[in-house]
Every structure is written in structure tokens, then in C-alpha cells.
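These are the structures, in C-alpha cells.
Look for chain A in each of the two complexes below; its partner is chain B in the first and chain C in the second.
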Partner chain A sequence: MKRRFANIYLIIVFAILYAPIIFLIAYSFSQGDTMTNFHGFTWRHYQTLFSDTRMLAIVANTLLIALLSALIATLIGTLGALSITRTTKRVTRESLLTLNNVLMVSPDVIIGASFLIFFTMLKIPLGFSTVLMSHIAFEIPIVVLMVLPRLREMSASLLDAAQDLGATTRQLLTHVIIPFISPGIFAGFFMALTYSLDDFAVTFFVTGNGFSTLSVEIYSRARQGINLEINALSGVMFLFSLLLVGGYYWIQQASQKRRQRKREVVS
Partner chain B sequence: MTKRRTWTYFLPYGLWLALFVIAPVALIIYQSFFDLGHHFTLSNYSTYFQSATYLKMTANSVWYAFLITLFTGLISYPTAYFIHQLKHRQFWLLLVILPTWINILLKAYAFIGIFSQAGLANQFLTFIGIGPQQILFTNASFIFVATYIQIPFMILPIYNALDDLNPAFINASRDLGASNWQTFRHVIFPLTLPGVKAGIQAVFIPSLSLFMLTRLIGGNKVITLGTAIEEHFLTTMNWGMGSTIGVILIVAMIVVMLLTGDQKREGGTPR
Partner chain C sequence: MKRLISLIVGLLAICGLLAYAGHHLQASSGSTGSKVLNLYNWGDYIDPQLLTKFQKETSYHVNVETFDSNEAMYTKIKQGGTHYDLAIPSEYMVAKMKRAHLLQPLDRSRLTGLRNYDPQFMGRSFDPTNRYSLPYFWGTLGIIYNDRFVRPGTVNHWQDLWSGKYRDKIMLIDSARDIMGMALASQGQSMNTTNPQKLRAAEQKLTRLAPNVKATVADEIKMYMTQNEAPLAVDWSGEAAEMLANNHHLHYVVPSEGSNLWIDNLVIPKTAQHDRAIYAFLNFMAEPKNAAQNAEYVGYATPNRAAKALLPAAVRDDHQFYPNTTTLHHLEVYRDLSPTQVGLYNDLYLEFKMHH
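What follows is the complex of A and B.
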């Protein structure tokens, strides 16, 4: 009885979560021009999308920004997490963590507006570089937060053992610490990617006139009304996310199994 | 030697802290003291606190954010709880995360279609005999879409809190004769409260600043603090006033964080 209630509840929640997405994608195959009545199947909107060079360039920009910013943010964030764990004073660590979380909790508009003031004061022209820097900036804290727990789980004896065996600082880092925290680094990179792809508000503030990312483009097109090319775009993007999430899930499962197997071998 | 190495590792992160965390916050506060003619002044603040429009807008914005957070919480807690009991919970959790991968603008765009005059929602209303209504560009549609977008961000922290919960507590509670409801009320809910608070933080603050939804779905009827800031920065180019509202938003954010985050120091969660 209780089980059944739980299941019905979950079905409703998941239906609501996915209905708009399915709706959006379904209409990308409709022959009409509006999202009202389905007019029969067509690939037409996908053809429009793939011949829309402006849109394709924007997709490429968005992916480039996402990958590049996530990579750099993962690097800086991991170094940051490493230095935070190395701090000996509790006060220093707490204040570093507080500062780290400022951008996590700040509303997008504040981040966007303050970065806009910042870039304008430094006279950096708005465009690709400002968007990239902003994305790196707001992705770093999430990487730190993903890496820190793994670093905390690492036992000190592991490091002592490596040092006793004559490992240099560099070897310690590359052979002991990095492999151990790699799931955290990976998760951080992934979250950073998500943040970048999903961001609209910050980009909207710092993008200027010439450069555009998908969110900004969709915003300006959506303000003009329904255009089924956007539906086709969401179809493609959904497939893309599905592949990414599927890949992530698969890698996690695989690494878990590997760890289990290792444990079995050890015991 | 090692000390110096540590410093070089810290350098990029430290630079980031200085340039992209401390400097921007300082700049927005600094900017809020300048009027359109770049004169140092307190007039932005006095305008803000004397203007009924600004104060009403702020109150409205907080009220809407409160409603969005409330609905999100009411929907998300049971969802997280039920998912946690499932067999393939990691998989279901991924299904919760997946929609957050769809660009927020695309989701808003989907609702423009669903809520339009002849859209899905109105077809349904016609079907059950109510007849078509104006749904898009109402306050209710704004709250609905905002809630929809925020649900995953509330489910995740609550789920994590449930996952951290030691099942021994639940067994102990049952062994001591507590009913399911009592166990939930006195054991599970209090112990997962940090998750709920994290969820409130993750939902309430962004809800104060969702300016694209107020434009696309709310039809500019709802003006949140975020909408006001965007308008001042990008349309009327009055950065001083925009920054002032920004400072108000930062203060609101700090208040929310103090209300929801302080518990850790008091209790020192036993784990």
C-alpha cells in the first residue's frame, strides 16, 4: 500500500519533470510552425538547424567555452582544494572555505553585474575572453567542493608510507594523491561542464555584442516567439546530455566494480 | 622548499579568490555609491529606501522566492525520500539530474509552448470543461515554471542527507516502539534538516534573481530583484542604482545563509 503510493508519487514527479522536455522534442518533428497541434512527422526543422551556420557557430562556441573553462577550472580548483587541506590553522581553512563558497551562493545576476563592472574597469573588451574568464571563475568553487571530500578521506598514513618509501613531493602528488582523488576531480570537471552549459545570466551580462552562447541566443529567439528550430536544437542537446550522463554513469559503475574486485583480491 | 612549493600551488587559486571573488564584491559595493554623473553619493540608497516602488518590488520578490522555495520543498522531500528507498536509486537520481542538463532557457521555452493560448495546458483545460484561460504571463505560471526548474536542486541535497543518515537510528527508533510517522517526525526529519536547509539555500537565493523567467514566462508582471538589476545594468545603464539593488540582494543572501547555515557550529553533527 505504502509502496504503491510512493511509486505513484514518483511517477507523477518524473512525468512532470520530463513532460516539458518530451513535449519540446516531440514538436521538433512536427510539420507545423507552432507548438500547438502536431501536424505529422518531418525532419525539416533539423535540416534548417543544420544549415543555420550562425546557430552552428554558436553551438561550437558554447561547447568550446564549456570544455575549456571546465578544464582550467578543474586544474585551478584541484590545486585550490589541495592547498585548502594543507592549511594548518583552522581559522585560515574556514575563511578560505567561506570565500570559496561566495560564488556558489551568489545569485547569477550579482556575479554577472559585478564581473561586468570588473571587466569594464580593467577595460577588457567584452566577448569570448570575458565569457571564458567568467565561466572559469564560477566553476572553480564547485570543483573545490567536489575534490575536498576525497582529500579528507585520504588517510595520513598513506602519505607517510609513500614518504617513508622515498617519494618526492611531485611523486607523492602524481602517484598517490591524484589517483586517489581522481573520482572527485572527475566529478568536479563534470559539474563544471554542467554549470557552463546551463549558465545564462552571467554570460548575458558579460557577453557584449559580437559573441553569443546558446543560452543567450535561445533567450533572444524565445522572446520573438515560437520557432521550431529551437525545438530541433533541444532534441540534439537532449541526446547529447543523455550520452554524457550515460557515459558518466557507466564510468562510475565500472570504477566501482574495479574497486570492489580489488578489495576482493586483497582480502 | 616544500613550503615554497605549496605557495606556487596556491597561487592560481589565490589569484582567483582575489580577482573574481573579493574584487567583484568590493566593486559592486563601491559602484553603489556613485550616481549617473559618477559623483560619490548616498542618493542611490536614499532613493531606494524612500521609494515605495522599490520597497514593494523587494517585498514581492522575497514573497515569490518564498513561495517557490516552499512548493519546491513540499514536492522534493517526498521525492528524495521515496527515491532513496528504491533499488536502483543511483539510476533514478541520475534521472533527476538529467533535466538540469537541459538548458534552463530551453525549459522556459517549452513552457511558452505549453502555456500558450492553444497550448497543451489549455487543451487540457478545454477537455475537462473549464475552457481556455490566460496562463502564460501570469504570476502563477511564473511560480510554476520556477518551481519546476528548482526541483532537482532541492531533491539532491535532501537525498544526500538521507543517504548520510545512519540506518541504525531508524532501527533503534522502531525497536523502541515508534510508529513510522513518529520515526519520521522525530528521527528522520530532524536528522535530514541540514539537507533541507542546503536545499533552501540552493533554491531561495536564485529565485530572487530569476530575471529571464520573469521576462519570458511572467510577462514582466513579476519584477524580482534580479529583473531590476538587469534592467538597471543593461537597459537604463544606471549602474549605481543597479549596484545598490545588488547590495540589497547580497544582504538578503547573507540573511538567508545565516538563517539556514549556522546549525553546523552549534551541533557538530555526530558522525
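What follows is the complex of A and C.
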């Protein structure tokens, strides 16, 4: 009985979470031009989407910014987390962490405006590079926060054991620490990726000179009412993220099986 | 570790691919050459086919970048770091940008389409000699009613909204200047009044409207009205056009005693770089055929008299969106008021909202 109640609860929660997305995608097939009534099936909105080269260029830009900034932010953030845990003086460590957290909680608008002032003061023309830099900057604290708990979980005796067995510092990092914290690194990377994909406030301030991202474009279409081309785009993006999650799952399954087989061979 | 490195390499490869794709897409629409024009516009506020046509005729490629509010656009241009050749602010923002010295004057000798514009929309208070701006689209503030609940022809004036029949039936757009302006216009006052007594009287009149007001909302008004949630609403013509397109029971009225006239304008920011392209574009957009095509795409009213003549009669003679000359004469453009005066408008409006 209890089990069944739990299942029903789960189904309701997921239905509520996914309903708006499904609703949105369903309307991308509607023959009408708005989301008030469904008017029969058509691929028309997908056709307009794929012939809209400006929109496709913006999609490519957005994905490029997201992947590249998440990658760089993950590298820097992981190194940052490593050095924060290595700091032995408590005061320094705590203040480093606090500085990191202040960036996490300060509003995007403030960060965006300050970046705009900063870049224009340095006379850096707004565009791809400024968007990339600011995205990296606001993603680093997220990565640090995702990696830190894994580092804290790691027991010191693990490192001692490795060193006793003759591991050099380099081997310690590549063979012990990084494999151990890699779930945190992955989580950080994906969080950074999603933050970058849907950031509007910061991006708006630092775009310019013909460079734009999806969130900025969609927001500025709102004055006219968003047309169903955006729905079609959402459909494509949703499919894309499904594939991404599926791919990640498949890789994990495969590597787990490989590891299991190895273990069997050893034993 | 090896897996991590191969993943990084893979991601970098994807990045390279995306960069190539993005570059290629932009190049296929020709935006990387030197013959470009950077247009800073509202989202979806120009027919993309016109941009292709412009490129074919003049070989200038138009880079469109978009903004979602006048204030955001102002900030971006004021801060520098961008090179927009043309921007499209609303009328009060033209005045503000002019005062901040962000605009370049137009060179009239290079404009060929000036006589196509309707004098009604030229020389308005925000730019008396059109030294800096050319009208792009215009519209009004008015009343939307649903003929399932309100008999057509019974609502023609602001005063009609105060009728006891419409208890809890009206939706208002949440905008201090517009709602205060509506109350002022209903009393025969100017919508730009700065006289505190007249403003207070308007606020008192608004308070009497409170029992009729169902809600004061923003963009959602469109959705509510299309779904027959309320019989009456006060909103801008651009929004009204969209509601009418989705619900045939809706109608739009501009009260003949006076209302607001808003105009979006083409201006040249100080940061502009492509002089030739700018004038080519301004002249291209002033051509009746192109302006008419744009008006049909966007659905707003065009200030281009010659273009209006080319629109289908059903659109051209639609008094909802092209009001007759008498009404047009009574329309007022909002003057750019001083911060204290704007503050007074806002305070009084807030008092009304609190009563309500």
C-alpha cells in the first residue's frame, strides 16, 4: 500500500515537471500561429526554423559558448577546489570559500552590469570573447562548490597509502585524486553548462557587435508574442538534451561493465 | 584520467565544429564581409525577407541584434563597446538619448524618401524638426472590448468605463503614465499635465473606477482577453492587434476625445560606423513598397503615407488601427517629464492601486 502511494506521488511529481515542456513541444506541431488553440498537425514551424540561418547561427554560438566556457570553468574551478582544501590555515580557507560564495549569491544583473563597465573601461569590444569570459567567471564558483564535497569525503589515509606505495605527487593527482573526485567534476561541468545555456542577465550586458545568444534573442522577441518557431526550437533542444543524457548514461554503463569484468579477472 | 582527457579532446572537437558551423552560417548570410549594417531592433520587428532584399539590391548585409526594452538599449549604447549603426527607440527614449548626446543628426540631403512620411508623425515634441529621428511604426492606447459581453458601439469613450454596468469587468495595463493619462483624457485634460491639482483630480477619478477594475496586469492581459476572461481592457494598439487576431469577438476603440500616440523611431547612435549603409537602409525602408511589406509582416501601423496606400483596403480603412483624422488630431505624444514630475505620476498611480 505504502509502495503504491509512493509510486503515485512520484508519477504526479514527474507529470507536473514535464507537462509544460510537453505542452510546449506539442504546440510546435500546431498549424496555428499561437498557443491558444491546437489546429492540426504540421512541420511548418520546423521548416521555418531550419531555414532561419540567423537563428541557427545563434544556436551554434550558444552551444559553443556553453561547452567551451563550461570546460574552461571546470578546469579552473577544480584546481581552485584542490587548492582550497590544501590550504591549512583555517582563516584563509574560510575566507577563500566565502569569497567564492559571495559570487554565487550576488544577483546576475549586478555581475552583468559590472562586467559591462569593466570591459568597456578596458576598451575590449563586446562580442564572443566578452561573453565567453563572463560566462567562465560566473561558472567557476559553481564548479568549486560541486567539487569541494568530494574532496572533503576523500580520507587522508588514501593519500598516505598511495604515497607509502611510492606514488609521486603527479601520480597522486592523476591516479588517486582526480579519479576519486571525477563525479564532482562531471556534476560541476554539467551545472556550468546549464547555467551558461540559460543565462540572460549577464549575457545581455556583454553581447554586442552581431553576437547574440538564444536567451537574449528569445527575450527580445517577447514584445511581439513568441511565435511557434521558438516552440520548434525548444523541441529540438529538448531532444538534444535527451540524447546527451542518454549518451552519458550509456557511457557510464559501458565503463561500469568494463570495470566489473576487470575485477572478475583480478579475483 | 585517460577517459577525462579523451572527453576534453572530444568536447574541444565539438567546439571546433560548432565554431565552424556558426561561422559558416553567418558567412552564408554574408555577415562577415566589410559591407555591413548593424541594426539594433526590438525582437521580430522587421520582415526578414526585406533584409534579404536589401542585401540583394545594395549588397550591404544587415546584422540584426535585438533588445527587449528601451532602457536596456539605452544602457548598452551609452556604455559604448558596441557599434550599432541604427537603433529603434520609442519616442520618449529619443528625447532622452538626444539629451545624453547619444545621437547623430540626420543628413537630410541624403534622404530620398522624406516626402513619403505622413506629416502627422513628423515634428512631434520629442524631436520637433526630425533632426535625429524618422518614424518607424506608431500606435495608440485604447479600449478593447469583447462583443459577447459588451454591445458594439456602446463603448466609445474613456468615460464609458466608469459606467456602473461594468462592475469588476475591466482589465488595466499596469503602467502609471498610461492609466493616469487615461483619467486625465477622460476629464478633457492633457495627458502631459504637470499641474498637481489636475493630477490629484485624475487620481480621485481613478479611485472611482476601482470597483470596475478586475485586475491591473501586464503582458498577461493578452492571454486573458483572448480567452474571454474579461469583457473590457485598456491596452496599447500593438497588443490589441495580436488579441484581435486570436479572438474574433474582440474589438479595439481609440477614444476620439484624446489618447496617447506612441511612435517607434529610427535613429543613428553616436557609435555608428557605416555611413553609406545607414542612408541606403533609411531610403530603402522609406520606399512605399518596402514599408508596406514590413507593416504587413509586423502588423503595426505605418507612418509612411505612400506605403499605407499600398496596404489592402481592409487594413488601410480599419479605424481601429488607423483612426480618422479628428481622433488623430486629439492624440498626444508623451512628453519626457522631469524625474520629480514622473515621481508624482507614479505616486498617485500607486495610491490608486492601493485603493484597488
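Here is the rule we go by: the second predicted complex is superposed on the first by the 224 of 267 C-alpha atoms of A that agree within 3 Å, B and C clash if a C-alpha of one lies under 4 Å from a C-alpha of the other, contacts with A are read in each partner's own complex, and residues count from 1 in each chain.
In this section, a contact is a pair of C-beta atoms (placed from the backbone, for glycine too) under 8 Å apart; a residue touches a chain by one contact, two chains touch by 3 or more.
On a predicted model such as this, the values are computed, not experimentally measured, just so you know.
Undergrad: Following superposition onto chain A, is the placement of chain B relative to chain C best described as a clash or a fit?
TA: Partners clash after overlay.
Undergrad: Using the touch definition from the top, say if A:117 reaches chain B (first), chain C (second), both or neither.
TA: both
Undergrad: When the two structures are overlaid on chain A, which partner does A:142 contact: first (chain B), second (chain C), both, or neither?
TA: Touch partners of A:142: none, neither chain B nor chain C.
Undergrad: Contact-wise, after the overlay, does A:23 reach chain B, chain C, both or neither (first, second, both, neither)?
TA: The first partner, chain B, only.
Undergrad: If you tally the residues of chain A touched by each partner, is the higher count for chain B or for chain C?
TA: B
Undergrad: Please work out whether A:181 is in contact with chain B alone, chain C alone, both, or neither, and reply first, second, both or neither.
TA: Touch status of A:181: no partner.
Undergrad: Applying the touch criterion given at the start, work out whether A:194 contacts chain B, chain C, both or neither, answering first, second, both or neither.
TA: It touches chain B, and chain C stays clear.
Undergrad: What is the contact status of A:219 with respect to chain B (first) and chain C (second): first, second, both, or neither?
TA: both
Undergrad: Report for A:10: first if it touches chain B alone, second if chain C alone, otherwise both or neither.
TA: first
Undergrad: If the shared chain A is used to align the two complexes, which stretch of chain B, 81-89, 99-107 or 135-143, clashes with chain C?
TA: Between chain B and chain C, the clashing stretch is 135-143.
Undergrad: List the residues of chain A that touch chain B in one complex and chain C in the other.
TA: Of chain A, residues 34, 36, 116-117, 204-205, 218-219, 222-223 contact chain B in one complex and chain C in the other.
Undergrad: Spell out the part of chain B that touches chain A in their complex, as residue ranges.
TA: So the residues of chain B in touch with chain A come to 2, 5-6, 9-10, 12-14, 16-17, 19-25, 27-28, 31, 75, 78-79, 82-83, 85-86, 90-92, 94-114, 116, 118-120, 148, 151-152, 201, 205-206, 208-209, 211-212, 215-216, 225-226, 229-230, 233-234, 239, 242-243, 246, 249-250, 253, 257.
Undergrad: In the complex formed with chain A, which residues of chain C make contact?
TA: 1, 3-4, 8, 11-12, 14-15, 18-19, 21-22, 25-26, 28-29, 31, 36, 38, 42-45, 48, 63-68, 72, 75-76, 79-83, 219, 222-223, 226-227, 242, 245-247, 298
Undergrad: Please output the residues of chain A touching chain B within their complex, sorted ascending.
TA: Where chain A meets chain B, its residues are 6-7, 9-10, 13-14, 16-18, 20-21, 23-24, 27, 34-37, 75-77, 79-80, 82-83, 86, 96, 99-100, 102-103, 105-111, 113-118, 121, 133, 136-137, 140, 144, 169, 194, 197-198, 200-201, 204-205, 214-215, 218-219, 222-223, 226, 230, 233-234, 237-238, 241-242, 244-245, 249, 252.
Undergrad: Residues of chain A touching chain C in their complex?
TA: Going by the criterion above, the answer is residues 33-34, 36, 52-54, 56-57, 60-61, 63-64, 67-68, 71, 116-117, 119-120, 123-126, 130, 174-175, 178-179, 182, 185, 204-205, 207-210, 212, 216-225, 227, 255.
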